[in-house]
Each structure stands twice: as structure tokens, then as C-alpha cells.
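Every chain is named by a letter (A, B and C) in the order it is written, and numbering of its residues begins at 1.
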Amino acid sequence: MIEIKDVEHVAKLARLELSEEEKVKFSKQLGDILKYVEQMNEVDTTGVEPMNHAMEFFNVMREDIVKYDNTREELMANAPDVESDYFKVPKIN
Amino acid sequence: MSLEDMKEKYEMVIGLEVHAQLKTNTKIFAPDGAEFGREPNTQTSAITLGMPGVLPVLNKEAVRMGILTGLALNSQIPNRCKFDRKQYFYPDLPKGYQISQFDEPICVGGWVQISNKKIGITRAHLEEDAGKLVHAGAAGLYGSSYSLVDLNRAGTPLLEIVSEPDMRSSDEAREYVEQLRNILRYIGVCDGNLEEGSMRADANVSVRIKGQKEFGTRAEIKNVNSFRALQRAIEYEFVRQTEILEEGGEVVQETRLWDDNSGTTSSMRGKEDAHDYRYFPEPDLMPLEISREWIEEIKKSMPELPGQKIERYMGLGLSEYDANVLVNQMDTALFFDEALKLGVNPKVASNFLSGEIAAYLKEEKTAINDTKLSVQNFAKLLKLLDKGTISNNIAKQLVVEILKTGEDAAELVEKKGLSVVSDTSALEEVARKIIEANPEQVAAYKGGRDKLFGFFVGQAMKETKGRANPKLLNEIIKKELEK
Amino acid sequence: MELLKKTAAEQRKALLSKEISAVELVSETFKQIENLDEKIGAYNSLTREQAIETARKVDEKIAKGEQLPPMAGIPLALKDNMNMIGSKTTASSKILENFVSPYDATVTKKLKENLVPIVGKANLDEFAMGSSNENSAFKIVRNPHNLNKVPGGSSGGSAASVAAYEATVSLGSDTGGSIRLPASFCGINGFKPTYGRVSRYGLIAFASSLDQIGPFGRSVEDIANLYMAIAGWDEKDSTSLKLEVDNVTKTLKDGVGGLKIGVIKELLGEGVNDDVRKSIENAIETYEKLGATIKEISLPLLKYSIGIYYIVATAEASSNLARYDGVKYGYRTKDAQNLLEMYTKTRAEGFGDEVKRRIMLGTYALSSGYYDAYYKKAQQLRRLVKNDFDKAFDDVDILISPTCPTTAFDIGSRNEDPLAMYLTDIATISANLIGAPALSTPCGFDSEKMPIGLQIIGKNLDEATILKAAYSLEQELN
């Protein structure tokens, strides 16, 4: 089990509002999954380089050339709330 | 406790984090333009907006500028570096994470020379900037009823330069930022403008009793938008923290916002719990292996650094002060360099640039490259002066006119008849005229008031509209007065 | 109509010989969708105009006798996590329910260049998170072989559309088996190329270091051709491989004589359905008959792959899904008093259960104090798993196993326990962890007439060999 307060902390980090039932449910489910995952500790990984990419290669870069593929209208067409060409959000605190 | 006593007992320890916006054409991970000041949300793309399915691609020029800066700051460029995601939620951060560099930055170590010491640099790393928020319904963030988001700036490349906590006064802090700014400007990577935000400084300030080895708890000060604000904020923090310690309290490690109007810092705590950024390696970008060949190539391309310029100017006979004045105005120093190539006298040129020209630029609120004074014309003017064709006075007048009109110096002298009058008979005539017109002064002078000599010279100069050859005029007036 | 049941290669012959026009073929496909999809649920939306227009262009070129690429005129379903200008791209999530793509994914561009008519956006598990396509926010997908059973996931819609003749071919995405598993359950071919072969630009990201786009088709030749149409380096995807794409269609018919095939011991142990086992053994015998040599290969670290996956994939996913915050696009809650509420309610209301669960798990794994124990550990173990496979590939050319220990299960039967659902992926996950190419090809049916799939895993960049092996088996079994 991970504790309810841990669930609440993680939910806050992830900006997810959870109901009380969900907190209980996730507490159990996440606990079960983590317990399963902890099997990983059976294997000694000291000194092993983590594998962050499936293939390792380097120096993928592009030239500093301006290119626009979309207009502002196209890009803001899906915006939930707009005012004078700005994205509008509710008050921050 | 008085401020004097505080400064007697305590010392301040300052480290600075400077974010420099790199002057690339495009953003660091997207090909939208990175200029300043366009209409809101016109300088964006699906990538910058973090639309579903988009991917970042690294701008090579941002990497080059990062390496160039590291070299200019005497840093090491490690063989390998990579990018990481720094995660938090804020409306100006479209993806909900910032692509940055956590444990393998592009530059490690280094230093910047200020007047009496070297300030160490811990590291410098590349990252993307966030967008801008405008808070409506109030003067700032607090109390606003909604906010508007402009993502033009999102994705602009930043180089975050972190100093060692080596500064011990607000003067040193200021000098460090000034030096850094100059270097960044001279190598062409950043405009270094605190007011406009192309360079931003956050100060980490702590205090400790003099002689104590351990550092005190530090506070991070943000929202410092000018050199003056930087110094004021640091001084304020010193007093605030010292007062806490004197009362037996403990300084809290936190982020504080500087408010220029009230001249105070206030805690940002309660707005947001301590961030857990959950850094992990960016899976959408491959790591970099910086070849030593590329570093050599960049090193060779390095423009002359401000420190090197100052030394060179001093070698040409300028005082350290004059050299510094020139170098602090990059446009002027570069103009000076070009003029030197055309053979001007360094000291004379420096005097003009730091004197009449600087005054003009300040009054007109303009830059030397935006005036009509070309380097060639400037050199011409100085040559005319050097040859004796015009007097210093005339040259000073002309330079201002040329700044405005761009007229050719020689032509202007010709047209206005401003050349130095060295015609002995002409000057004799003027001298006699002045003497005849001022019998009382003549009598007084002959009676022993030697200082009146200057009066006659002045009047004669006026008569010749400043064109008289000073040396010759002096001789002639003396001779005439002796008659 | 009968032509709908043909392979793309056969349909192409019919188009070129003018037996049928491209417009007719597409129209027939839409009729099939109209008749059937209410039951199947394979499509989130249809893109009729675009498809007809493309088909018209194909007919024009045929009339002029111009050359046409292999997949031109072939009706295709595009998994609804791939962007296509003007179409809704929803990832089967409420949070993107009305999102209309302002840009094309690179694969979409390539399909358009190849004159492939995209008939519609295929249903999927929300944000590609699931193994049964029961997690779509809109509707479930049913297995065309048995409507009470799942089609597999997350590309359930892509697989079902092809199996139900509602498309001839389709594109799906595979992060832990999301192409191979539904291919297996629906009795068709599904193929995940080597990581980096196909551009991810425009694919709504789930787990960036694992996601790959790949083809579904009724024949191996079809998936080979479709793969050739979409593979290749893309400057917009920094993880895309700047390597020549071997022409896999040229070697398709080379046969398996002399091929060294490894059978993964751990995936034929307990828990494998008898019918499945029999079917795989039959495939093994067939290969031997065709001249391949068989060897048993043990991959002892395989059992950790699910644990690794559910840390790495969820960690990356938790980060990739942070952008769905109601600010720039997508769903926003109506109830927010302030920014924090806007975030937490938008995401709570917009995301389904499985998505939330994975975001929570991933956030936890990356959070302060847990990074080393979970994320870093998983990535280290991932490298050891890769080493295991590398060693195996020193011995053999390809590895085979059942794609899944079972055939399609009943709808609703694995919903209660997330962990039970996760174990469905035991055979497929490793290929994503190591980036290897892998496919599922039909190799029989169980006693309930549900399809069984054989998984073939190849060395990195060796798509050609696994496709040729699949082709050989296909020819023998038919």
C-alpha cells in the first residue's frame, strides 16, 4: 500500500483532482503495482549505465533557419479561451 | 545596530545566476523566429505550443553560442552533455516541462575577472525560455482576476550561467554582471539588456559573521531588472538577514521577489510549495558529443574580448579609465577599432568618442551606428585636425554637425571656410583691430595685468570665429601688444 | 463485396487493370463501415472527403497510365493518435475530444504523397494506454471474430478495421505491444519496426523512448509495402534513424533455409493456453520443414520486463501528458475558480481511469526520493535485458514466441485488476524496451475459432529477416 497522503502528494504534483474513493482505490492499486515492480531489486545493477534511448547516437542538430508552418489563427483555433490574441487563464491565486 | 556596525561584524556572500537570451534566429528547439516584440502569439509554432505529437529539434547555433561563451568565460567544455526535462505546471510553460540540462551541462567551471579578483563560475547550461504572462485586473500577479498568455518568447534559447558564491559586496556583484554583460555582447551571443530582459539576474544572498567558515542560509532574490535594482536588492537583503540573525532568529531558505517601488524583498512562499522538478533525461533528444575540433574552430572565431581590448588600448597610450569608458560602450569601441585601422591618433579619437560624441549620443538617446557619422568621415576629420587645417575647437563643433548630417568633413571645412587661419597678415590685422577696440584693457595689461592677455586672445578667436591658429595668434598678439 | 476481403496487393492489381476504380473501392469500404461499424466500434471519425479526393487522383493517374506507388488507392485507417490536418485527433480521450489537427504527422504526409486514401481515424485505448481497447473514452472496440471478445489494444480500432474489411490496411502505434497484440487477437499481421525507423513526429506521445508507428495488413506483403511507404529519416524527429531503409520487399520471398530461429523458453512455459502452444509448435515444425534450424533460447531477465515497462513508460507518459492542461487547446473544465482548480479539474474530468493511474505511477517513480529506486533502476535493468537479447542474437537470427499466452479474452474479464491486464503484454514488451523490430503473424485458431498470433523478433535494423520469415510461414499455412 502506498499511503493516502502519498497519493495526495503525487496527485498534487500531477495536477489531478481525486475523489476520496479514487484516493483509496489508487492507494491500493499503485501499491500492488509497485510491489510487483520491486521485483527489480532481485537483480544487481551496480555500475550499469541506464538505458535512456533505444539506439545511441549523437549530435542531432538543425541549422538556425526561420520557418513557419502555421499561422496564429491556425494555432489558436483549438484554444479554450482567448482574449485579444492571448490565451486566457483564470486567476493564478 | 547601525549599518556600519553590521558591515563591521557580518559579511555578505553572493552568488549570481544569470540567464542570457541567445541571439539566434530561431528558437532552441523549434524553427520559429526568436525576435523580440512581435504581436502576441505570432512567433509560435505547433512545436512551441506543445501540441499533441510535436517533437523538439536542437538548434546548432545555440550550441555554438554556448560553447563560445564557455570559452570566453574560461570554462571547460566536457566531451559529452545532454538534455533533461524539468517538470512543473505554469501557464507560460506549454509542455508542462522545460527542456534544460540537469547533470551534464555544456560548460563546467570558469571565471570572470573583476577589478580586484576573479569570480568563479560553477557551470553554464542551455535551456528554453518560457512565455510571458500579463496579469489583468491588478498591478501584478496578486489580486489579478485572470491572466493572459503570450507564447512568443517560449522556446527562446537561454544560457544559464551560475557563479560561485565568490562576491562579497553589492559592488562586486554589480561589476561581475557588468563584465559578464560586456563579454556576452562582445562575442555576439546576447544583447545583455537587463531592462529589456535579454539578460536576467537572480541573486543568491546569505550573510555570515566575518571569519566564519560556513556559509549562512541563502535566499534567492528574483525580479531584479536593472543594475541599480541589483545593488539595492542585495543591500536590502544584507540588512534584512543581519537583523534576523542579530535577533537570534534563523534565515529561511526561500525565493524572494524584489519590489523596486517599495525597495524591499518579499517571500514567495505560500504561493507554491518547494518544487519537485522530477528531472529525467529528455527522451526526444539525443546527447551531444562535442568534438575538440569543433571547439578549436570556435575558439579561432572568438572576437577580441573586452579585457583584451582594454589592454590593447592601454598599450596605445590610453589611460585605464579611458579604455574602460570606451569598452563599456561596445558600439563605440568597435567604431574606435575601425577608426584605428584608418590611422587615427588613439588618444585624440578616444577623447572625441568619450567626449563630444558620447554627450551627443546621450542627449539624442541614440547609438553611434544610428548617427550619420561614418568611420571614414571621422578619420578624415581627425586627420584635418592633426594636419593643423582646423583647430580643436572647430573640430569639436564639426563632429556634432557631422553626426547629424553626415556631410563630408573636408567639404564642410571648405564650404564654411573653417580652416585654420595661419595667414600672418590677416591675423595681424585682427590683432590690431582688437587692440584698437579695447584701449582700457590695453592700458591695464601694459600696466601689469598680465592675465588680460587671455582676453585679447579670446576676442581675437571670436573675431576669427575660432579659426585662428592658436600658436600663431598668441605670438602675433604678444608682438602687437608690445608695440 | 469480395474485393474488400482481398489484400492490398490484389486490390492494386484490380485497380491497375481497371477492374474497379479507386473511388469505387473507397466507396465500398465506406459502405462496409456504415453497415458494420456500429457493432465493431473501430472508427472514432471518418474522413470521407479527403479519401474520395485522393482516390479520384489515383484514378486520374491510372487513366493517364502513370506510375503509382504500391499503396496508392488502398483504403487505410489511421490510428486516432496520429495528426492529420483538418481531422479530429482525439487519442480517444475526452481531453482532446474536439481537437482538430493544425498539422500533419510525418506519416500522414507520406501517406498523402503515396496517394493512400485515409478513410478515417481508428479507435484506440485512451492515449494508447491499454491492451484491450476497453479504455477508449468514447466506445469500446469489439473483436470482429467474436463480438463479445476484445480486439486487443491499444490499436484495437486499427486491427479490427482491417479484420472486419472496414479498411484494407491500417497504421497503429506500438509502445508495449499495441500493434502486435491486437494483430494477434484479430488474426492479421501487425508490425513494429526498429525504434527510429518511422518518424514519431505527429504521433501523440505516450512513452517517447518506446513508441513506434507500424502497419497492419492481411498479408505480409501488404505490411512490407506499407512499411516502405512510411519508413525513413525525418528531420523533425531527433530520434529518427538517418540510415538507408533496406528494401524489405525484395527479400520477402527468399525463404528461411539456413535461418537460425530461437524459441524463447520463458514464453512457452506455464500460463500459455494449450491451443496457443499447439499452434506455435506447429509453426516451429513448419519452419524446420522449410530448412530453418530451431534452438531454445532462455532470457532469464524477461520476467522483469513488465516491471521495467510500467516504470519507464509511465514516467515518460506522466511527463508527455503534462501538456494537457486546458490552456492552449483541448478540454477545459467549466468549474474553475482559479488556475489550480482549472488544472486539477480539467485533468480529472478529461482523463480516464487508466490514464490517471499511469500518470500517478509515473509521477511517483520520478518524484524526489524515488527516482533512483524506480526510474534509474528500471533503466539500468533495461540495459541488462538488452544485453541478454544481444547475447541471444549472437546465436540466432530471429526469436519467436506466442504474441500472447492466450487468445482474445472476454470484454470486461480483465478490467477489475490492472495488474492482470498488464500481464497480457508479457511477450511483447521486451522488443520495445530494446528497440528491436517485431511482428505478429497469424498462425492458427483456437477451439473457439479465435486467432492465434506468432511473434517474431529480429535484430535491430533487421526488418527484412523477420518479414521474410513471416512470409514463408504465411505461404506454408495457406
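Heads up, the rule we're going with is that a residue touches a chain if its C-beta (ideal position, glycine included) is under 8 Å from a C-beta of that chain, and two chains touch if they have at least 3 such contacts.
Quantities reported herein were computed from a predicted structural model and do not represent experimental measurements.
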* Asked: What pair of chains is linked by the most C-beta contacts?
  -> A-C
* Asked: If you average the Cα atoms per chain, which one ends up farthest from chain A?
  -> B
* Structure fact -> Rounded to the nearest Å, the gap between Cα centres of chain A and chain B is 40
* Asked: What is the distance in Å between the mean C-alpha positions of chain B and chain C?
  -> 56
* **Averaged-CA centre spacing for the pair chain C and chain A, given as whole angstrom** => 23
* Provide the list of chain B residues touching at least two other chains, using ranges where the numbers run on. => 46, 49, 51, 57-58, 89, 91, 147, 149, 151, 276, 278, 283, 285-286
* Asked: What positions in chain C touch 2 or more of the other chains?
  -> 99, 102-103, 209, 235, 238-239, 322, 325, 327-329, 339, 343, 363, 367
* Where chain A touches two or more other chains at once, by residue number -> 13, 15, 50, 52-53, 60, 62, 69-70, 75, 87, 89-93
* **Contact set on chain A toward chain C in their complex** => 2, 6-7, 9-11, 13-18, 22, 26, 29-30, 32-34, 36-43, 45, 48-55, 60, 62, 69-70, 74-75, 77-81, 87, 89-93
* **Residue ranges of chain C in contact with chain A within the complex** => 98-100, 102-103, 194-196, 209-210, 235, 238-239, 241, 301, 303-304, 306-308, 310-311, 318, 322, 325-332, 336-345, 347-348, 351, 356-357, 359-361, 363-364, 367, 374, 376-384, 386, 418-419, 422, 433-435, 460
* Would you mind writing out the residues of chain A in touch with chain B in their complex? => 13, 15, 50, 52-53, 56-70, 72, 75-76, 83-93
* Structure fact -> The answer for chain B against chain C in the complex is residues 46, 49-58, 85, 87, 89, 91, 94-97, 147, 149, 151, 276, 278-280, 283-286
* To do: Quick one: which bits of chain C touch chain B in the complex? Just the residue numbers, please.
  => 81-83, 89, 91, 96, 99, 102-103, 105, 200-205, 207-209, 235-239, 315-316, 319, 322-325, 327-329, 339, 343, 363, 366-368, 371, 375
